[in-house]
Structure formats: structure tokens, C-alpha cells
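Chain naming follows the written order as A, B, C and D, and within any one chain the residues start at number 1.
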Amino acid sequence: MSKLTLSMAEKVIAAAFAKGAELKLKPLTVAVLDAGGHLVALSRQDGSSIMRPQIASGKAYGALAVGTGTRWLNANAETRPHFVQALNGASGGAIVPVPGGVLIREGDGGEVLGAVGISGDTSDNDEAAAVAGIEAIGKTSDCG
Amino acid sequence: MSKLTLSMAEKVIAAAFAKGAELKLKPLTVAVLDAGGHLVALSRQDGSSIMRPQIASGKAYGALAVGTGTRWLNANAETRPHFVQALNGASGGAIVPVPGGVLIREGDGGEVLGAVGISGDTSDNDEAAAVAGIEAIGKTSDCG
Amino acid sequence: MSKLTLSMAEKVIAAAFAKGAELKLKPLTVAVLDAGGHLVALSRQDGSSIMRPQIASGKAYGALAVGTGTRWLNANAETRPHFVQALNGASGGAIVPVPGGVLIREGDGGEVLGAVGISGDTSDNDEAAAVAGIEAIGKTSDCG
Amino acid sequence: MSKLTLSMAEKVIAAAFAKGAELKLKPLTVAVLDAGGHLVALSRQDGSSIMRPQIASGKAYGALAVGTGTRWLNANAETRPHFVQALNGASGGAIVPVPGGVLIREGDGGEVLGAVGISGDTSDNDEAAAVAGIEAIGKTSDCG
């Protein structure tokens, strides 16, 4: 059901970790979800805290949920918090609405292949690592 | 499975209660969790109200979830409440983001051995008792 | 709301662990709940697996839920499984219907002061340790 | 916080997939959890269905929950189904009690480092792949 292969997900994770090393980020957890919102691969670096898998997955899921990166959800959380809270409830708590959840698109505005969610450092740095991961497979990032 | 033994947890609780007595705090509940977020020991003093076990455990779990004491979560709850609300949802309500959840570290910035969560008095006093508990076993407190 | 003090709960746990050592049982987790079903104290011995706190608490809660020890629930699970399943649902999964959840009574058929739940070895051995714990505070066990 | 490093988890997954290829198994999903029950790494092969991540994780979590491989839970599900159902409820549905959840131990009966859960083929084959993964890092399998 997914065009996002495990081989692609592994490359995304490796490139995100490389970006984290380059920027000297804290230990990261990276989740790669297919277009249906299901995990393809997840890796948690040594020292990344215990809820990072849910946070990383929740960012990626949030991006898929609304069809754009979680930067959009983060902005909405300020302008209309009731909407973001409702999304949280409707998803059974599966959405984490801060930057770091980035859609993987086939070209600008193109088909959604999946999403990357990263947690561990600041939300901005998490997002930068996600973008680096998506670049590594030649796809387009949608940060929201 | 844990480096935080029951014997250590019992000492943490005894020292936290001693601090509570010294500061004339209200009846406390102390929860000690291992690095994976699972209870090692919990004690509720006579007169400590019925939900204190969940609150104390929730503070300790919150600290482990994000890898630092709950003072950090408390600050985040003011600057980006949607993030803290999302953590609550993602954890099935297992996180209580106010001071009083303190990581037990092996030295400054060292390995996380577990966490102490205390509830019963003000959050600041709860935290002071947790720090006293951790000092009693010669470990380092991370309040966030 | 409870006549079961923390001091009594600590004695129950110590005696249950002593019985476990005497019988050479596997590492145990002991939960002591007050009459309202709320934790007074819990201790998990080193090596007792991660879900033992929920299992031990769930046995004690099950005993309080139906007003007799979990041996009764275990028997009911065979004769009318739909009833025990419904209890599980109604309690949000808080009940574990196997032996090892024992009511603490003030004399035969007397007032319920709380319950002890133990998990770690066979259900029969868990129960034997719970009974030893209750004897140590001079109260009466109701195993169901 | 965990003795099960990401590097070890990656080796477990690679060896499990190699075993799957050798035995010509269906596409597998492999989850590797640390001793506290938190994901270290997960990989889902192309064509492995959408709930495999939860099933694989649920097998690994079940093994950690009771301190032995899920073959033990599978046997219990036949002899005392109410116990296994209760575990499901108590864990919020996080346990999948069929073979294929295997503890990673440091020697026979030794310390629990984490668990591997595999889903995709028959439960017996899933388990065989998990054992192969654990052998690849020189640790001991506990299948239950």
C-alpha cells in the first residue's frame, strides 16, 4: 500500500542522524511513516528518552493527518487551540503538533509518500534533521 | 533489569519523608520509577489523598519521558501548552507536568537510573523532598 | 478514609517478602491497597518483571471490587467467563482475576480494611505470601 | 539508559531479516525493545501489513511484561484465558500473547536486556527469526 520502501526509510534515518551529528544535536529518535500513517522504520539513538518514539511518531502522524508539516499545526495551536485539541482527541492522542513532522512529497505539492517525525533536540533542529533525511532520497519536504 | 534497586528506592523514600517531616510538609506520596518508567516502590503517608499515587507516578514518568525533571515541562506548559497537552494524550494521561518529578542521574548529565515523583505539598516543596531523597543515595538530581 | 496505615502496609510487605524468601519464590511485587482501592504501598523486588506492579495491584483491586479474594474471581472465570470479562471492561482493565489478591479483614467476615495483591511466582504461592503478610499485622485473610 | 544499544538492535533486525530470506518467509516486521519496554528500533519490510508494527511490538512487550518469552503467554491463553485477557486489559491492549516475542538475556536466566518481537509469517517462524536475530549479537534467547 505504500510507495515508501523500507530501503528509502533507512536512508532517511541515516541522513537525519548524519545531520544530527553535523549540528551536534542531542540524541534523536526518527520515525518514518508511510502514506497511511503506519511505521515503516524507527530508530532511537542511545540516550534518547523513553517517550521519544511516541513523540516522533506523533509528529509524523500529525503531518499526515492534516496534509502538511507540523509547523502548520504549531501555528494553529496558537490561533485556534480548540482545533488542535480536538485533533488530539479525535486521534486518540496520536498527534504531536510542534515542528519536526515533515511530509515526504513527490515534488512541490506532489503526491504524499509518507512523513518523517523527529524528536530529541529543539523542534527547529528536529525539523532540520528531517529535511536532511528527505533530501537524501531526492524527495521534497513539506514542513507546513 | 534495573540499576535502581528496591533497596535504593526504599532509602529514597525514607529520606524524602524525613525531609517532609523536617519542613513540616503535608502528608506525601513518593513514587520511585526505574529508567524504563516502571514502579520500583511507592509509599503514601496517612492522610495523603487518594489520587496522589497517580500524581506522584505521573511526575516521575514525565521526567523520564522527556529526559529531564518536570520543572522543564512546567515551563513548557506556559510557553507551548499544545506540546504538553499532546504529551499527555500520547502517554494516555500518564504525565503530570509540574515540579516534583526529578531524574536520578549517575553524576551531572550522567546515565538516567530512574526518577522520583512526589505529591502532597506545594510543587516546590515536593521537589525539595525528592532532591533530599536522591541525595541520600549519593546520586545526582535533575529537576529540569 | 482508610484504617490501613502506611506502617501496617510496610509490615505486610516485609512479611510477604520474608515468606517468599522462606519458600524460595521468584522475585515478587507486592501491592497494598486501602479499602477504597488506592495504593498505600508497593514494592517490586529486583528482577520482578515490568508489568508486575499492574498485575499485583489488579489482583488487590479485583478482591476489593467484588468483596472477596480473587480465588473467587478465578473460579467464576471458568463458570461464567462473560461476567469476569465484563468486570474487566467495567473497571477499565484494572482487575486481574487469578489467586493472589487477598482481602484484609478485621476478623472473620469483618470489616474490609484493604487488600494485598502479589505477583511473581505461581498464583498459589503469591497467595501464600499475601496471607503471611496479613497474618503479620494480626488481621484476617479472605482469599475468596 | 539501556544496555541494548541502537547498534545492537540494528544487528538483530538484519539477522532476523536474513533468517526470513533463508526460510523464504513472508515480509516481516521486527521490533526491538529495551528492558523497559520502549522501542529502540523497528523495521517493516515492504509488503508487511499495516498492523504488524503493533503486533511485533506487542509480542516483545508481552515477553517483558511477564519476564519470559510469549510462548509462555500462548500456553497460558489456553489453560487460563482469563489471566491473559486481564493482562491485555491491564496493559491497555499492549500485549500480543503468541510466539514470536523473545527476551534478550545476558546468558541463561541472566539479566534481561530487552526483547525482540516479530510478526509476518507463522508464529513459529516469527520466533525462529527472532532467535536468529538474538544469536547474531551473542546473547541468549528466552522464548518462554
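Definition applied: a residue touches a chain if its C-beta (ideal position, glycine included) is under 8 Å from a C-beta of that chain, and two chains touch if they have at least 3 such contacts.
Small disclaimer: the values here were computed from a predicted structure and weren't measured.
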Same-residue or different-residue interface between chain C and chain D, half as cut-off: different
Interchain centroid distance [CA atoms averaged], chain A/chain D, Å: 26
Geometric centre distance via CA averages, chain B-chain A, whole Å: 30
Between chain C and chain A, distance of the C-alpha-averaged centres to the nearest whole Å: 44
Contacts with 2+ other chains: residues of chain A: 47, 49-51
Overall pattern in which the protein chains touch one another (line/ring/star/complete/other): other
List of chain A residues in touch with chain D within their complex: 1-2, 5-6, 9-10, 36, 38-47, 49-51, 53
Chain D contact footprint on chain C (complex, rising order): 47-51, 54-55, 58, 74, 77-78, 81, 84-85, 88-89, 92-98
Residue numbers on chain B that touch chain D, as the complex places them: 1-2, 34-38, 92, 111-112
Contact footprint of chain C on chain D as seen in their complex: 35-37, 64-67, 80-83, 85-92, 112
